[in-house]
Amino acid sequence: MTAILQTEGLCKSFGGVEVARAIDFAMQPGEIHCLIGPNGAGKSSFFRLVLGEHRPDSGRIRFQGEDITGLRSFARIRRGISVKFQVPGIFKALSVRQNLEIAFQHHLHGHDLDATIARVLDFVELGAVAAKPAGELAHGQQQWLEIGMAVGVEPSLLLLDEPTAGMSPDETYKTGEMLRALNAQGITILAVEHDMAFVQQIAGRVTVLHFGAIFAQGTVAEIIRHPGVERIYLGTADVA
Amino acid sequence: MTVFDKPTLAEAAPVARRSRTAIWLARLEGPQTMGRGPRFWAAVAVAVVTAAAYPLFVDGWTVGNAAYFLVWTFMAMGLGVVWGYGGALSFGQTAFFGVAGYAYGVLTINFGAAYGFTLFAAVLSVAIGALLAAVIGYFMFYGRIQGVFVGIVTLSVTLVLSTFMAQTAGPEWAIGAARLNGFNGMSGMPPLTIPWLGGDIALFADRPLYYLLLALVVLTYLGLRMLLNAPFGNVLVAIRENPQRAEMLGYDVRLYQVLAFTLGGGLAGLSGVLYTAWGQYITPSSMGLTAAALPIVWVAVGGRMDITATLLGTLLVLSVFQALTIYGSQYALVAMGALLLLTVLLTPDGVVAAAMRRVGRAFAGRRRR
Amino acid sequence: MDFATSAFSFLYQFGDAFAFLVIASAGLAVIFGMMGVINLAHGEFIMCGAYVTVWAARAGAPLPLAIFVGALVAGAVGMLLERVVIRRLYHRPLDSIVATWGVSLIATQGVLILLGSTMQGVGTPLGSVAIGAFSYSVYRLVLMAAAIGLLLALYLLFYRTRYGVIARATIEAPGTARALGVDTARVYSLTFGLGAFLAGLCGGLYAPTMTMVPTMGATFIVESFVTVVVGGADIFLGAAPAAAILAAIRASLTAWQGQLFGQIGLLVAVIVVIRVLPGGLSGVLRRVRR
């Protein structure tokens, strides 16, 4: 089976700081994969390299077997990747409905567009506030709106950068269930996360980054028992 | 109740189908433009009818003057698209205005007005203006020039053009039979001339030209409303609000910026052609520093984020300015400066836009959007 | 005409243009370069300085004192403007363009109404000196020295005084500065006032060489903007070398094709630099220095 996302020898440094050191990463379609590591390990940088915000110094990135290293961000998105960043990437001055329209309209038109917007509003439970400016929603609702924007186009791969940042435990759990439901419908998920309880709730496989290189890889259970992982986190309490 | 109890993405309640015509007509109203509902459109109809009846009550010179105001609205609406909806403050509108105006002059002086050539020249000149805008837009937006630097680059381009044209006074500066004439400007080109069986109709600054302009303004206004509420307008606004996010949703941000800029430039070119045809005259000062800043004034005071406010604001500021110049010429510019300052400090979204919102609140019972 | 004479002539043109660009853009470099505010009223601060200088000189003050007074008044007006208008526009660069252009209109027209379309000026002092076949204004040579002196004084101000350190810190990281107890509002006010003072100084220095008309600011504004944009945010690594390069371009083009082409050359330089060097010269030179 072709890996849905694969990097070969991905290297990147910013003025002397190596944020990616020959990363060879692969994940299979249908996975929920979490990327963890201490602060500064290079998780967000890896994301940005995959998305095309930065150009790697060397190495290749493949999506569904196709080499996307030379493509601009929007072209990569169009091939079936969706992303949700840590900072809410919604259009705060525009209505909830408009946010969804913008997210879907290059894929869908006319009736399909209307229908999909209705479905997504229902799924993220924002139907009642569809006309409100997105900036007036609660923080958790904004995150769900963004998830709705990301999945309405039925991407092959969903990238999430700390999807539960700033959420209450209830909202975190609900988000986890939402993601598992999406995964059950065929969306592959790669998430950067700090919250180990959340990782345990949703993840199949986990990759640990440390100083820009892959430190360990395996199932959740394997990673939790891995002695080195606990060490690099300096014994933080949320490693169960 | 967990999320599993909700319908999944694959099922949902059915949504009524809409025909393509219905969809396009529905775009006359939308999130990007103010004004909706029967009361609004009734007001629009009243305005158009009044404007159409206006020439019956005043003399030819006044009609020609009103036509003069209408000439500028295209450039202002174009700037509204580029700045208000696209978020890029461009001082370049007058560059495209001037280039298209001179192009019209050169073409019609060389080839005359017979067989409807002026109409063809007009279209071609607008296209030339739009093409220049596309080239400059490509240079800027594909070169990652953003924010205030768009303003600086476009202002520089405008000044280069106006400075260059100002020193074309000698007889060697001519394209075909049309002398560029430096500071004095080019004159003597024919007005828009419609070929007609009984004899060509030349549209000087009088009633027929006025009606043509009025029709063009109405068509452009409605067309822009539809475009700005269509997916294209959605993307423009998204780019204005958060360009990185728009790119991450799969839109080629640079392409949309160039398209919007080209549209704005084409509209500015239309103003340029109509201005030249209206007065049979064009000079480099129409591309100078003051001229470049004037559209900014109209659009800022009117309201840049809404096309109706931009249109009304332009007409309003032009009338006020003309009245001030006639009745108290010295104070006209002071008043203009004060108007700018107060607008930015008190109603940064535009005076006309704020007024429209207030009127809307007074009339509407239910919430917009 | 021998080589020495034409060389001196070119050098003089270059020095003259360099002095003009440095003196004209210093105030704008502080305001745009350091604070990111586009001040389209820059020309009017120059005009203010010029008018006050001429008034003071004709009232009997010696020229240097008159120039200083002109600059001071411009600085005071600047601080007032900052408090009333600019303060609200720090995060709205496009709006600051529109607002300051409004101020510019009010100032130009206001002066026109109150003081008439022209005011009697003062003559250029110090006469001229003949070198080769041409005579050169001594005063303009003085201005070249003044430009260099100005750069030196600004360097000392920003790098050797307490105000300078605080100002640079505040502009780079206002939140941190505030957390350390700096009255950032006052720093902005003083810095804007300094920019206006420098503009007034420009007006005062050039007043004896120009006709006093309300629109005299327009002579300076395009060139100073070009210098500041080409130079980038830093005055010393940016505006000064930019002034030198642009002066060379200006002098060459003017000698070759005339005034208007000199102007065009500068504008083309701006466009090219923005496209190729987004941070201006100072962006490049900072990296080199590191």
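Letters A, B and C mark the chains as written, and numbering starts fresh at 1 in each.
Please note the rule applied: a contact is a pair of C-beta atoms (placed from the backbone, for glycine too) under 8 Å apart; a residue touches a chain by one contact, two chains touch by 3 or more.
Computed from a prediction, not measured in an experiment: that's the story for all the values here.
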Chain nearest the global centroid, as defined over all protein CA atoms shown: B
Most distant chain from chain A by Cα centroid: C
Chain A and chain B, separation of their C-alpha mean positions in angstrom: 42
Separation of chain B from chain C, taking each centre as the mean of its C-alpha atoms, in whole Å: 35
Mean-CA-position distance for chain C and chain A (Å): 50
Parts of chain B lying in touch with chain C, wherever the complex brings them together: 83, 89, 139-140, 143-145, 147-149, 151-153, 156-157, 159-160, 163-164, 166-167, 289, 293, 296-297, 300, 330-331, 333-334, 336-341, 343-345, 348
In the complex, chain C residues that touch chain B: 38, 85, 88-89, 92-95, 97-99, 101-110, 112-113, 218, 222, 225-226, 229, 258, 260-261, 263-264, 267-268, 270-271, 274-275, 278
Contacting residues of chain A [partner chain B, same complex]: 51, 72-75, 77-78, 83, 85, 89-95, 98, 101-103, 105-107, 110-111, 114-115, 118-120, 122-123, 125, 131, 149, 151-154, 174, 177-178, 181-182, 185
Residues of chain B that touch chain A when the two form their complex: 2-4, 6-15, 17-18, 20, 23, 31, 231, 234-235, 237-238, 241-242, 244-253, 367, 369
